[in-house]
Every structure is written in C-alpha cells, then in structure tokens.
Amino acid sequence: MTSHTILYLDDVSVVFDGFRALNNLSLFVDQGELRAIIGPNGAGKTTMMDVITGKTRPTGGTVKFRDTDLTLLDEAAIATMGIGRKFQKPTVFDALTVFENLELALKAPRGPMACLRWVLAGEARRRIEETLEEIGLTARAQDRAAILSHGQRQWLEIGMLLMQDPELLLVDEPVAGMTDQETEHTAALLRRIAGTRSVVVVEHDLEFVRALDCKVTVMCEGSVLSEGTIDQVQHDPRVIEVYLGR
Amino acid sequence: MTNFTLTRRGAIAGLGAALAMPAIRPSFAQGAPIKVGVLHSLSGTMAISETALRDTVLMMVQDLNSKGGLLGRRVEAVVVDPASNWPLFAEKARELLQVAKVDVTFGCWTSVSRKSVLPVFEELNGLLFYPVQYEGEEQSRNIFYTGAAPNQQAIPALDYLLGADGGNAKRIALLGTDYVYPRTTNRILRNYLLSKGFTADDIMEEYTPFGHSDWQGIVSQVKRFASAGKKTAIVSTINGDANVPFYRELGNQGIKAEDIPCVAFSVGEEELAGIDTRPLVGHLAAWNYFMSVKSQVNDQFLAMWQAYIKNPRRVTNDPMEATYTGFKMWAQAVQKAGSTKVDDVRAAVIGQKVAAPSGYIEEMLPNHHLSKPVMIGEVQANGQFNIVYKTPAVVAAENWSPYIPENANRRR
Amino acid sequence: MKRHLSGFLPFLLLCCLAFAPARAQDAFTTALPGLAGSFGQIAEAVEKLGTSADPRALPLLQALQDGRLLKREDGTLLIQTAAGTTEVLGGSATEAGTAEAVRVNNRVRGALRGALGSLQILSTDPDERLKAAEAVFRSRSADNIRPLETALSRETVPAIRTQLELSLAASRLASPDNAVRLQGVAALAEVTDQNARALLLETKAQVPDLARQIDAAVAKIEGRLRVRQVVETLFQGLSLGSVLLLAALGLAVTFGVMGVINMAHGEMVMLGAYATYMVQEACRGTFLAPVALPLAIPAAFLLAAAVGAVLERGLIRYLYGRPLETLLMTFGVGMILQQAVRLIFGAQNREVTSPAWMQGVMTLPGGLQLTQNRVWIIVFGLLVLGLVVAAIRYTRFGLEMRAVVQNRRIAATMGIRTGRVDALTFAFGSGIAGMAGVALSQIDNVSPNLGTGYIIDSFMVVVFGGVGSLAGTLVGALMLGVVNKAMEPYAGAVLAKVVVLVGIMLFIQRRPRGMFALKGRAAEA
Amino acid sequence: MSATTVTLPATPRVTLRLVLWGAVLALALIPLLNQLPESSALHVGDFIVSVTGKWITYAILALAIDLAWGYTGILSLGHGAFFALGGYAMGMHLMRLIGPRGAYGHPVLPDFMVFLGYQELPWYWLGFNFFPYAFLMALFIPGLLALIVGYLAFRSRITGVYLSILTQALTYALMLAFFRNDMGFGGNNGFTDFKELLGMALNTPLARAMLFYASLVALVGSYWVCQRVSISKLGRVLLAIRDAESRVRFLGYSTTQVKLFVFVLSAVLAGLAGALYVPQVGIINPGEFSPGNSIEAVIWVAVGGRGTLIGAVLGAFSVNALKTWLTTAAPDLWLFALGGLFVAVTLFLPRGLVGLFSRKVQK
C-alpha cells in the first residue's frame, strides 16, 4: 500500500447463504487514477461497490479509504467522506426537478437543521448551473426528473455525482442506454475528472472501456482474474476463456 | 328553525361545517314533538350491550305515542351513535342538547361515557337518565341514576355468600376488569369484608384488561386460592365481553357452583344468551331485576318487548328494566310538571313512584337514585335465573358508600 | 315477599302435622316435610334422606335434582315422571295442577350430590358409581366410611377404586377418632390434588392436635403441586400459543407469502365464527347436531375463502405493490364487514355450544388435568398448520403460488394464470382465518368484535416469527403464548401483555426480519 | 412508493393562498358569529363552535401525520399515541387545577386517586399544576417517545409496513398500559370533569372561543412550520427519502437523522394537537390510544390527499364532518359510508380530494 493508494481492498469476501459473491478479492486504486472493471455477469462487480459504499458488510477482509476502515461506517458516513456512487440502474428522485436533484447532491452540510436553514447562495447556484451545462440538461432544469429519458437520467445521475465533489467516484455502467455520441462525451468527461480524483468504472461495453484508456481489472467469480491495459487483458487466455466459455 | 338556514350558516361557517348538520325534521311551533335523545353505542365494543337499550327506549316512545303522547304532544326519539368512543359521547351529547334540542336523554352504559357527558349535561342543563348499575361516588343534578348503587347490589350479594344459603364463604376472590367500577366496588367490598373480620389473606383481588379472553391462568389461580381448606367464593365484576371466555373456562376447569360459587354483577340474561349455561348452573348474579321475576308488570313488559322486537325468544335484563322504569318516571314527571322544562321536570322526578317490572314500587330519591329491591339469582340451564333471594322491601340507594373512608370528608 | 309467605305458611302447617303423634315415623317420612321448606331445610332433609337407606329416597332425590319434584300450595309433594304424576307419600297417581317445582340452590345441590353419592355408591352402573365416589369425596362425612369400605371391597374397576380410596380417606378425616383421621391423612398425602390439600387444611383448622402430621402431608402435596403447576403453565402457554397460531396462520399466508396487509383479517376470523354458529343452528334438532362443529370447519373455510376471493378480485388486486394503501383500504373493508354482521345477526353475542367431547377436563396419568377444549384447539392448530404446509409444499396450487411469489413475470410466461393464483392464495389465507374462527367460537365471544382482539397479536406473531416463514409463525406463536402465561402470575395479565409487546418491539428492532429470517439477496431486495 | 406530490402551477398557488387565508378567516369568524343573538340569520350554534374547535385539533394531527407519511413515507399507525400523550399531559394539568373542587374536596389529589385510596400524588404528577410545565410536557413527552422509538426503528432500517405494524403495537401497548389503574392515570375513566384553564372556567363560551382561537393559531402555526419544512431543502430531502431512501444515503445524508428529526417534529405537533383537544372535549382516556383511532387519522390524510398540507387539513375536516353528520343522520349505516369512503379513496383517488381539485386546475 503506497502513500497515494486511496482505496484498499484486501482479501475481501462476501458470503450470502453459502454463495461466495466475493472471494478473497484484493484491489488497490491510486489517487487520481481512472480504473475500469469488467467481468461477466455475477462476477461480483456490484457487490464490490456495495462493500465499498457500506451497503453490504463483508464477511471478511479489509476495506480502507485512505486510512479509514470503511467496514465500520454506514452509507451516509462513507458518502460524506468523499466516495460517490452512480448506480447501474439510474436512480434519481422522480418527485424533484432536475435542478433540485442536483441541489440535493451538492456538497453542503447534511444535517436536518442545516437543510432546513439552507439558502441557495450565488456560489452554489453557479456550480449547479455549471453542472447543468456539463450534463446538457440546462433546458430541463425545472422539469421533474420523472419525465426524463433514460439517457438523460444517466446524465443527471452523473451530474449528481459531480455535485458531491467526491474524491473517489464509483460508476456502475454509466453508458447503458446512451447513444454513441453520448457515450463518447461520457468517456471524455470521466477522463477529465480523473487526475484530480479517482474514478472506478464498471462497464460491459469494451469500446467504451477502450475509450477510457486506463488500467483495466477483470473480475470473475468474486476475485480478480487479470489486470493491465485493455489490450493486455484482451489477450489474456484466462480472460478469453471466461468470456468465450470453456 | 329549518334545515335551510342551518345549511346556509354552515356554509358561511366554513370548511365542512355544513356537513355537521344533522338531518332534523322541520318542527313547527304548534304541538311540536317532545324530543327524547338516545345516546347508546350502536357500533364498537359496547354495541353488544347498548343496542338493546336503544331498542327499549324506542319501544317506550312508541308505546307512549300509541297512548296519545305526552301533554298532548307527540314524542320523538333522536337516535345517535356515539360508537363506543368516549369523546364522541360528549360531542353527541352536546349535539343532542344544542342542535336537536332534546328534552331528555336516555343513555350511556359505561362509567366513562357517563363521566364524559356529565360536564356537558351540567353546562347545558340537560337531563340524563342513566340505566346501569355503577360504582356510585357520584351525584349530578342533571343525571338520574336508575341502576343500582353498590349497596343495592354488591353488598347484599356478598352477604348472601357469607350466609348459610350461600355456603358460608370464608374466602373471597374478587375478579374484575381493570376499570373504575370493579376497582371501586372491590374496594368497598374489601373494606366491608375486613369489617366482618376477614383477614387480608382471605381476599384475593385480580384484574384483567377489557375483552380478556384467556382465563386459564387466573382460573387456576383461583383454584389454588380455593384449596386452603376454607369455603371459597368468587365475586366477579368482569365486564361484558370477557365474561363468555371466563365462564367457559370456569365450566371447562370443572369449577362447580356447589364448590366455588361465582357471583357476578355485570352478567345478565343478555350476556348468558351467548353462553352454553349448562356447565354454569348454580353460579350467581345479583341484580335488581331478573327476567324470571313473577309480577304482572313484568309480564306486560316481556310481552311488550317481545312484540316490539318481533322475537319471542329475546330476553330482557336489568338495565332494560331500569330504562323502562326511568322512562316511566320521566313521563310521569312531565305530566306532573305540565311542561318539559328541565328544571320543572327535575323537581318533579324526585319522589315519583313506578310499579317496576321487578314487582316492587320503586321511588326516585332526592339523591337522584332509586330505591330498588335486591335479588340474587342462580343461573339455570335455560339461560334464565332462578331467584334464590330477594330483599323483603326496596333498599334505598347509598351512592356515597360508607365503606369508602374518604366519603367522610366529602364536599356536600 | 308474597311468594315467601306462601311457601312458609303451609310449611308451618306441615311441621305441626309432622310432629303430631299420629303414627310411628321412620327416617324417610320425618325428613320429607323439610323438602317443602326453605333452602336450608331442604338441604337438611336431603342429608337425612341420604343416610336413611330407604329405597324410596333415591327416586325422590333424583326427582328433586331433575326438577321433577313438585310441591302443592298445601305442601304435598309430588313426583313427576314420564308416566305421570304421583304423590310421594302413598304413591297414588294424581294431577300436577298448579303444583310448582321445588327449587334448589347451591346449598341444596351440594347436599344432593353427597346424598345421591352415598345412595348410589353401590349402583350397578360404573359411571354412576364413579360420580358417586367423587360426590362422596366432596361431602366427606364419617357416616360414609362403612359404605365406602363395603364398596371398595367389591369394586373391580381401577379408576373407581382410586376414587373410592380417595373418598374413603376424605371421609376418615371426618371421623371423631384421631387414629382413623391419621389413616386418612396418610392416604391423602400421596395424592397430587388441590382438593386433598384443601381437605387437610380444613381438618387442621378443626383438629389442631394433628397439625404436625397434616402440615407434613400438605408439604408433600405442595411439593408435587409445584411441579405440576409448571407443567400446567406450560400447557396454558401452549394453548394460548395455539390460539395465536391459528389466528396468525391465515395472515402468514396473505401477509407472509403475498405481502398483502389485510387489516380485515380479524373479520375473516369473525366470519368463520359466525359460520360455525350458522352451521350449528342449521343442524339443531337434526341427526347432524352432534357433528355440527366438525361440519362447521369446511363451512367456515369456504365462507371466509369466498369473501376473501371477492375481496382480492374486487379490490386488493388493484393495489398490489402499494402495501400501505392496501392496509388502509382493508381497514375500511373491516369496518363494513363488522357492521354488516352486526346488522344481520344483531350486536349480541351468539351462542355456540361446545360438543360434549370438548367440555370438561381430561386427566392424564399422574393426575394432571387438562381442559378438553384447549387440548383440541392445540391439536386443531397443529392440524391446520400441517394443512397449510402440505398445501404449499405438495400441491400444484402451492407450486404455482410459490412460483408467482418468486417471479410473477416468469410464472406468467410459464402459463400460470397469476391473477387466479393471487385470488386463490388470498382466498386460502382467508379460509384459514375462517377455520381459526371455528376454534375461537369455542373459547371467545361470537360477536362482531371478535376479530379486532386478535389482529395486532396476529401481526406481531408473523413479524416476530419472520415474515414468509411458517416455522417462524409456529415457534413465534408458541413462544409468545408460553412467555405470556409464565409472566402472568407475577406481573398480572395486563402487564404481561404489555411486556410481551414491548419485548417483541425491541426484538424486531434488533432483528427486523424476525426469528426465522429469510437471508441472502432475496431478503435484501 | 410512487411519487404523488401535487405540484401546483404558479397561478393556482396564489389562488390557493387566497383560499387558505379565506378559510382561516371563515374559521376565525365562527366564535364571533356565535356571539350574535340566536335570532340572527348568521348565528352559529355553540355546537358548531365546539365541534369545529375539535376538528381544528384533528387537522393539526393530520398535518403531523402528513409530514411523516405524505412527505417522508413513514407511515406511523401510532400517531394517536403521541396525540393522546399530549392530551394526557394537558389533562394532568387540568386535573390539578380542579384542586379542592373535586367531589371529595381533597386539596391535592384528583377524585379518582382519592377513591382508589392513594395517599399522595405520584412523583410524575409533580409540577403539572404549572401550566408552562404541563404544556412543555405535552410537547416533550411525545417528542421523547418518538425519539426513542424512531431511533430504534430507523437505526435498524425498519421501514414500510414493518414500521406501521411496530408503531401500531406501540400504541396498543400504551393503551393496555394506560387502562391499568395502577399506572396512576385514572385507568379506563381517564380524566374528566375539568373546571378551568388559565383562570377561565371551561364551560363558558369565552373559554370555548379562546380555546378555539388557540387551536386556530396552533393550526396556522403548524401549517407554517410544515410548509417551512416542505419548501426548504429539507423538504426535498424528505421527498427523496420517501421515493428512494437508500439513494439518499449514498448522497451522504444520514437518513436516520433526517427521519428522526421529522418523526420527532411530527410527534410534537401531534402532542400539541392532543393538548388542545382535551380541554375542548373535556375528557381524555386510554381509548385515544386505540389503534383504530390512529388508522382513522391516517385515513383523513389519505382522503384529503397526502403529500400536500392542504390535503391533510381538508381530509381531517371533511371526514370528521361526515362522521359527525352520519352518526346522527344514519346511526346504523354510517360505518358502511365511512368504510366505503376509505375503500373508494384508496382505489379511485390515490391523491385524495386535492388530487381531484388539482387535476381540474391543470386542465
């Protein structure tokens, strides 16, 4: 574990009723790194994210964000520490407008009294508007999220992630349901974000992963199968075996 | 006063107030009907007991009208449903008095419902006839109590158990539902027993919640209590709903009346109608009236009731008799006063005498309670009571019990 | 008042007649006038008749017990039989006319029981002998020692012998001779029975000389009684538990399997109880009357199931996926059902009688007495549980039900008519509730409010046990029952219930999924 | 749960505000019209005053429930308990004020304690003779209970129907407990026969009018507080929690804290409603804890339209008005009507009466 390792998973296992969703998984992500994770269905990608964000308690192993043991914290505490997550199935708040969705995500004191006293000041408004611009939803700011298209919901969720201003972003299948153009835009966005913060992207779309141009981890049956550049892993016989069948 | 103006005002009054207006028949100054409020629960837990009282009042109203009404005016019943909900009792009482402007109200069963409406009747100077035996410790100028006070039921019953005919009981188990009537009655009985030389060890007191349905434990406890080598009897102030499971458990655990008799103050013919009484033969109840009383008035009362309700098997019970007696007294008082004004009627009710179905002449005393006979009946296999004891004459009600020491410094 | 006098005057007259030295009086005739007197006099007369050994006494006392002994205004006693009415003295046939039945009260009944007991102890009918032996135990008079010894020497039936020995011991306590009394004390010390304890303590009060021996005997009895009390409490707990189980089982299906919060569940139970009442009334007076209760079980099931099916198809299905709305709507349905029943059947309780085989107590080896109806309800509860398990595990319907619960869409694509399965499942759960109503009609009020008392307990059982787990429902119900009953003697019934409720609430917050939680991903969803 | 907030377009918002203030004014007029001579066409009877006063407190309770349920998705079936606890606190004050005017003339002990043989006041009754203390307790005790229950429940992530069943058991347990005479709260009879409050004899029109206005002020105040919450960012967090609680957690909000805040606030409002209710109806007894009462209160909100404050108020008024009317007009059949209404509203009007209204507005 180097001094700039930001996320540290060592020997993590998760067992559901005898089924090992994660099997002695070890994974390290550096500060400012962009990392793609691929793997077949049931490889444990989403479970890994659940473990990092506190949704699922690991059966065993170490999970650390910098020097903090994440297994002791709940989702909210982990999120406020600076880990943001975008879900596989976009979850935005349908009853609220696009603007309000972003406002909720905006990094600010989270306590009930603070929320009650919250006044949207110039700086915050400017940041929300910037983000709206970035995700291309400026025109729809006052629309309720319920009426957005699938792609737009994806964007909105990415926007919310940005508003949180996290140090580590966990992004689960960000481009599902997006057009090619949108996909490209997303890849560019993620690349830009990386550098100042760390990004972990889980994705099926290998073209998109290629566009990210980063280190790739291949997961299978709850542990790491292979790691390297996209080309390296694509030629790894074990990976080929997993993807093309035995 | 017509519906129209009320509705208009209601609309002005704002949200939903219009809906609050009960449908009152338009009434006209000439020969306006005399209004009788009926304040008995028709739904909820008390409906079991109270619907029969509603029917009794309606029967009496019908009877009165068939005889040409009162003071030459028709009598009209205004029925409301306070739904076994105590604050609703207060609201409905107010509505009866202020909106329907009833001249008299017959109603309430539980003490709490009476306590809930009492301030309303006092504030608006209404007239309430309350037909159920209760714990006493109350007297309102606006309420006439036609049920028994503790000295007209509980104490004579205990005397019977302690006497030779009742089996010379030396140990008493006081079982009751946890509310004020049993608590107070048992306090009176405990003090009475202590005054008769009982020790605290020979008295068992146990309370259960309303509608208690699992009596296994308590009945076993009573059996243990009864195995101390002294004749034991049970005094039950268990409330309506819980009685059926209680008696079933008594029967099933083989407690025979010959060994451990149980005398109840809240179990009448109506309650027994829901139980197979064969295993209970010999258990006792103390009331001021039983359906099996042999008297001319009772025969008339039974015939009238079974004709009204169109069911020759329907039973009568003590609170119904008290309703009957109360209604008769009120009607006589109105006749005497020549008006339905509350103050006049109130003055006239006191001293009224009615030949009650109990077979005695009952009189309204100045303490707003009745003089009544006390009877003790044994349950028979047919669900009726075999009257094994009655007082030779009526007993005057003592609503303030001498066995509650605090009554000594009561405000008068 | 009038009646008292009318009873009293002829009595005085009779007394005069009786004491008139007309002819020699035997015990029977001297006792007779008492039967026309007050309860106390009747009781005395009955006691005399019991020891009279007169052959005329038995039919007379039986007539008194059955209310067939009549009394004329003038005090003449008549016996009424199917054949006609005869005068007691002289035996000549006569008309009943205005004669009224001689009334009995507890005091008289107690005396009668003892007297009949002494007279029937040598009866040829074993049932009567057993009853007589029991009766003599209670009446315990030294006069009975000799007849009991005779009876014991002839008796061959073991159960009656046991009872006779007991009665003999009890009668010996009444002997004036301390040696005989001590025999009785020694025999009673070996019995595990509260009545024996009561007898001994009573004797102790009368004969302080024997206090030491009696105390020792009582201590022995009490030691055994304490053990029995534990067993009894356990039984009572199990019985309460089985009532909870019955009430909750239907809910375990509708809530546990389908996730439907049915606040009208209690009303389904109530409908079952009313179905029992209706079946009983329909069978009254027919040859079916003795089996009305078993017949009521399918009837209650069908009625409640039919109402359930209508409810599901007509209302609930539109609210799937919105459990909170379902909760509110079914609350409204419950109100309507309650009031409908109240208007149809009246607000009063309805009488549902227990068949003879469900009444009284059942004595187990060791003298442990269990109330029959409770035993049956425990058995019934387990049978219904078995039925539910079997229906879910081994029938086509159960298979389809589980399939729909696990994945509605895939089940539909497999050709399962999910709507029909929903309706059937809900009807099944409601029907189970109706069957619970049959059981509850045996221990509780059959009134429109019957169900309201059980709804919260049922929900607590299901949630405590673990939603979707029948094993959890079983264990949860029995545990709650036992804990409740175990606490009752110390905390009182009300507090026991409150403590149990608070306990469940704390438990649920520690294990939100109940005792038998479904684990894994399915539960996380 | 699906989103059901009704967001009204800007213009109707103004009309809505006008309607609201109009309704408040109309309500405020009721006690004044009561003062007119009875012959006047505008006279309003005492009954209307007292019954409307009672409905106002119900409306506050409905607001409290709506805040928890309509906005946050916490369906508590135990709000009647908070209402009743507030009522009991006020009832204790009123009992203490009876002083030596009770039937037994005891200077300190209320009547029921005298005839049940209490020798002295239980410790938890001390201080209730001071109005500010009693009033504070009427808010504090429900709040404290909500804090404890809410903390335990929300921490263990008990949501949805489980929470409903749990809170229902809570109010049921409290009902059983308060029925016990040994608790020192008068058992089944509870408290009645109150004499005065803050120096006013309770059975006078003046006192009724004062309580009416106090309730109206409390209603407006509660409305303001709820509105303040609902339009703040907190309100949006609440809606977000209602629709996707776990997502809110991943945004870094401690939903346990937020829900606890709302639950406690809601309980305090319910307690306030109870405290105003008791002097007006003149009785408080354990029946107020009965689970049916709590469910009914939830149904007011459902009928009016949850997720909108005006809906909660409207629901409380309309259902109770209907009940008052029907229990007199159709004493045998009113349960059918009310039960039918509950069924119909959940089936056909998921957004309640307000939904009916706002759909028209949007067209």
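Side notes on the structure shown:
For clarity, chains are labelled A, B, C and D in written order, and residue numbers in each chain start from 1.
The criterion applied here is as follows: contacts are C-beta pairs under 8 Å (C-beta built on N, C-alpha and C of every residue); 3 or more make two chains touch, one makes a residue touch a chain.
Keep in mind that this is a model prediction, so the values were computed, not measured.
In this assembly, the chain whose C-alpha centre lies farthest from subunit C is A.
The greater number of contacting C-beta pairs, out of the two interfaces A-D and B-C, is seen for B-C. In this assembly, the C-alpha centroid of subunit A lies 44 Å from the C-alpha centroid of subunit D. A separation of 73 Å divides the Cα centre of subunit A from that of subunit B.
If each chain is reduced to the centroid of its CA atoms, subunit A and subunit C end up 66 Å from each other.
Remark: subunit B and subunit C have CA centroids separated by 29 Å (rounded to whole angstrom). Shared contact sites, meaning residues of subunit B that touch two or more other chains, fall at 42-43, 178, 207, 209. Residues of subunit A found to touch two or more other chains are absent. Under the contact definition stated at the top, the residues of subunit C that touch 2 or more other chains are 338-339, 494, 497. By the touch criterion stated above, subunit D contacts subunit A in their complex at residues 3, 5, 7, 228-229, 232-234, 236-237, 239-240, 242-244, 246-258, 261-262. Of all residues in subunit B, those touching subunit D in their complex are 5, 8-10, 12-23, 42-43, 78-83, 85-88, 90-92, 94-95, 98-100, 110-112, 115-116, 118-120, 122-123, 137-138, 178-180, 183-184, 187, 207, 209-210, 404, 406-407, 409-411. Touching subunit B in their complex are the following residues of subunit D: 23, 26-27, 29-30, 33, 41-48, 50-52, 54-55, 100-106, 111-112, 114-117, 176, 179-181, 186-190, 192-194, 202-203, 277, 281-283, 285, 287-288, 314, 317-318, 320-322, 324-325, 327-329, 331-332, 334-335. The touching residues of subunit A, counted against subunit D in their complex, run 53, 55, 74-77, 79-80, 84-85, 87, 91-96, 100, 103-105, 110-113, 115-118, 120, 144, 146, 160, 164.
By the touch criterion stated above, subunit D contacts subunit C in their complex at residues 1-2, 75, 77, 149, 152-153, 155-158, 160-162, 164-166, 168-170, 172-173, 176-177, 179-180, 291-292, 295, 298-299, 302, 332-333, 335-336, 338-343, 346-347, 350.
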